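Shared chain: subunit A. Partners: subunit B in the first complex, subunit C in the second.
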Partner chain A sequence: MIKLSQDNTRRVLDIHGWSGILLGLLLYAVICTGTVAVFSDEISNWSSPLSGESVDGFPTGFNAVFKRLYEEVDPRWREEVDAFVAHGGRIYLRFEGELESEQEGHHEHYGVEYQIDGNTLEVLKRTEGLDHERAAAREAGALAEFFVDLHVRLHLPNPWGLFLTGVLGLGMMLAALTGFVVHRHLIREAFTIRRNKEALLRARDAHVIAGTWSLPFAFVLAFTGSFFSFASSVGLPAMAMVVFSGDQERALAEVFNRHEPYDDTPAALANVDTMLADASARGGAKAVFISMNYVGRADAFARVFTQVEPGQLSGRAFDYAAASGEFLHENPVLVGKQPSAGNTVAALMTPLHFGHFAGWVSKAVWFALGFAAAYVTLSGMLLWTLRRAQRRAWQRMAGVVNWMGYGLPLAMVLTAHAYFWARASGVAVGSVQWAVFWAAAVAAALMIGLGSQARARAWMIRLSGAALLLLPLSRWLCDGPSWASALNHGQQVVVSVDLALLVAGGFCLWPRSRRREGFVPVAEATS
Partner chain B sequence: MTMRPWVRGVLAGPLSFICSWLLMAGAALYLPSGRAGVDNMVFPIVLFPLVWSGLFLYALLERRLGRGYLVIVALGLAHALLIARHLGVAP
Partner chain C sequence: MIEGLLAVLVSASVLWWLAGRDPKRLRAARQRDRRAHAPAVRRGLLLLALLPGLGLLLWVNVAAVLVWFGGLTVSGWLIAELRAPR
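Up next, the complex of A and B:
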């Protein structure tokens, strides 16, 4: 039991409540989308699988395709070359260079990107343009990207989006820390629910139980999330300014061990397949990303990353002299030129935040804990508004909390429907997704504003359930594979995600008594 | 709280944030860089959220608000001076 004076207890309780209520609405959006984004790879594999066997890693024969496409690309866009495997077995091959922007002295990344079928090595699509234009053309991953983007920066421009989510992470950390202090009898409260008491007490007990069990996780998520948001938006610029006297290029080269050019004599590239196979053999896992600089010169350089194997905290990275194909050394996967305590700590942040270190098992645990954190945030906000329900302003706030709490999941599911129908109709997927998302948000606001909050909430849950049940049908009707076809081609992810959606939809539509609906009296009190 | 809440709010919010930023940037100049030469940059960035949370809570719980201002401003100023000297803009 943590002992505090009465005055300090009141202050900590105030911090806990206000940090939750001020940042809670946006924090809830970040947590909800982050919980779904845990399965972003599976979502993109499920939403846009290629026909045929699913592939994992680069297939043999990629070298020939790479060299043919390399010759096709304007030499101005060959400064940096990357290739990676994503979205249902597609290979993305990207050539980039610097384009002088309209603003004097500024440069933008411009280039060509090919989408290649990992089974047949056939070029599916070619896009030329700026970064954001090429990203918009990656329609296969647009659904997962929508959730990830909302989670990472609330779809605000950088660095402001990252800055805001960083502050939200700090708010979550404060709520977790102060929650630890406020709920003094943590062990007892972790097992206490007063089932026969009034709804408010039961709701409060449920909030405390979920909060107590997910407290360490909430802290870890908030801490690592803040790190990711602030590292690039605040941390690296600060280091560049102070340690490297404002030279961002030199800072990036030092921190990420960028290879320096030393010989521009023209030279052919070694066999890419051989380097990929060598990295896979050394790393004991499939190579999934290759990054090259100075291709076509004697000092050409390649770094190959292998995927994260279950049981490992991160993948591995191997450096090659790309003109000869000679293996140079293993590189720390994140920062520095050799293994260090700093690299170990920085590399720990990724598995701790994404939960992908033990395959689908750890992802499922992270998803469940993320779900609990979302529940704690929502129930905390509802409790806070309920206690002040006699005041009109807080009644309105309860409406806003209900809107975000139940309208957001509905909007997310409808966005997934929009993704499938937009792709099938050949219209711009990104724009349709956002249009449907905001239309659903407005519809939810109208439901809350025009009637009783309890009824609106019940309807939003029902609609979410129905939309979840119908999502596999939308996927199948919009040129997706049937279950039989998916299983025949080893695409178990299609069936697994469909089944998970059906279970979730059934759960939302499962009839339950008014007494068991935790916050019904809250909504009634505030409607 | 004896003074107006916003005075404490300014200390806990913007001032603590600025102080954390200065601590992060300044710490890179005196922490050991390790054998890879990056530890002095990585640890301050990693610890930035914790430092800010710590200063935020301290600012809200410190009974004597004047002492809270003194501690946070002194910490920030010491690191600002360190940075300024390193960049050659202070003697």
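Up next, the complex of A and C:
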């Protein structure tokens, strides 16, 4: 228990409340989308499964396809070659080079990307263009990407989006710290929710208890989130400026230990399947990403990343001389050229933030932690506005909080419907997702503005519930597999996500008892 | 990762027990006829709830500890919600 004078308590409470209310709306959006993004892989696999057995990792025979496609690609776009497995068993094979941009002295990444069926090794799609053009062609992962992008940078251009989410993370840390200080009886009141009392007291208890239990992880998630946002938007440019005279490419090469070229003698590439199999054996888990440079030369180099081995927190990375296929060494998975304390700390950030180190178990726990953080943020903002409900400006603010709090989940579910129907209709998925998301946001604002806030809130919950219940139907009607077909092909993710959506929809539609709506003096609610 | 989940189950059971006779909760619920846990019992139960985490740290792995700790905090919140007086 931290003892503070009454004045200091008031000051800390003001910092807690104002930081929460000023940053809370956007923070809530970041947390909500982040909570869903915990399952981004599963969302992609569920929304775009390939017909046939589900594939996890590179299949044998990839080497032959790789070499055939390599020969097809313009040599200018062979500087960097990557391949990874994602989105329902697809293999993405990417060839990239540098294209001189219209701006003098600047280069843009240009290349060719193939989408390959992991089962049949048949090429499904070929896209040539700049980074963003190739990204737009990855429609199979567009739904998950929509949530991830909203979470990472609120769909704002770089670096501003990252900078903003980094600041929001700092705000969340500040709210967590001041919340810890201001609610003095955290441990003693850990089980006390006075739901039999007045509205304000109920709201206060709901916020404080959820905050108490989620405090350690709220801090961890906020810290690691800020780290990721600032690392690339501020940290890397700052380091490049100080150490590498502003050359970010060189800074990246040093940080990620890119090998320097040393022999441009033409040489064939070793067997890719063999390198992938070797990395899988060394890493104790399947290889899921391979990155190569200087392919076609004697100094060709490959780095293979494996999934997380059971019981570990991170996957591993292995380096190969790609012309001979000889194993060189294990590389620190994140930063530097050799194992270091810095790499260990940096490598810890990833599992602590994403929670993907132990499959669905850790993801379910991280989802629940994200849900708790979203609940704390929303209940905190509602409590702040409820305490000032006599003033008209704060009544309007309560409307805005309700709009974001209940309108955002509704918009997110409707965006998922839009994804399926857009793909089935053959229209641009990205644009339709955006249009539906904003249309839902405007509709939610109208519901709040035109009627009572309580009624609008109830309707938004009901609509979200109905939309969640109908989502498996949309998926199935838009050329998705039936449950029988999915189970026959080992695509349990399809049935699991459908069931989770049905449960969530049922929960939203479950009739709740009407609670007493009475005003109580502020003094009664503050402890 | 079954060890982590089992540890969450054990710790959550202890928390449920702890919450059942929590003095502040009993006062808020106006259940004055039920006797609250003595402070020593509460401290003991709290330690008991944390023991599975120590076990995981010593004999299993850090991944299981993280799953346990995350699961413990979420369970604590759910227990507080479920045992709140209506």
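Assume the second predicted complex is superposed on the first by the 514 of 527 C-alpha atoms of A that agree within 3 Å, B and C clash if a C-alpha of one lies under 4 Å from a C-alpha of the other, contacts with A are read in each partner's own complex, and residues count from 1 in each chain.
As a working rule, a contact is a pair of C-beta atoms (placed from the backbone, for glycine too) under 8 Å apart; a residue touches a chain by one contact, two chains touch by 3 or more.
Everything numeric in this text was worked out from a predicted model, so none of it was measured.
K.L.:
Please indicate which partner A:339 is in contact with in the superposed arrangement: first for subunit B, second for subunit C, both, or neither.
P.N.:
In the superposition, A:339 contacts subunit B only.
K.L.:
On the A-aligned overlay, A:484 touches which partner chain: subunit B = first, subunit C = second, or both, or neither?
P.N.:
A:484 contacts neither subunit B nor subunit C.
K.L.:
On the A-aligned overlay, A:214 touches which partner chain: subunit B = first, subunit C = second, or both, or neither?
P.N.:
second
K.L.:
With the two structures laid over each other on chain A, which partner does A:450 touch: subunit B (first), subunit C (second), both, or neither?
P.N.:
neither
K.L.:
Touch check for A:368: first (subunit B), second (subunit C), both, or neither?
P.N.:
second
K.L.:
Report for A:393: first if it touches subunit B alone, second if subunit C alone, otherwise both or neither.
P.N.:
A:393 contacts neither subunit B nor subunit C.
K.L.:
Which positions of subunit C touch subunit A when the two form their complex?
P.N.:
Spelled out, the residues of subunit C in touch with subunit A are 1, 4-5, 18-19, 22, 24-25, 28-30, 60-64, 66-67, 69-71, 73-74, 76-77, 79-81, 83-86.
K.L.:
Using the touch rule from the top, collect the residues of subunit A that touch subunit B in their complex.
P.N.:
Within the complex, subunit A contacts subunit B at residues 8, 11-12, 15, 166, 169-170, 173-174, 177-178, 222-223, 226-227, 230-231, 234-236, 238-239, 241-243, 245, 254-255, 332, 335-343, 345-346, 349.
K.L.:
Within the complex, which stretch of subunit A touches subunit C?
P.N.:
Against subunit C, the touching part of subunit A is residues 188-196, 205, 209-210, 213-214, 216-217, 310-313, 351-352, 355, 357-359, 361-362, 365-366, 368-369, 372.
K.L.:
Mind listing the subunit B positions that touch subunit A in their complex?
P.N.:
That would be residues 1, 21, 24-26, 28-29, 34-46, 48-50, 52-53, 56-57, 60-61, 83, 86-87 of subunit B.
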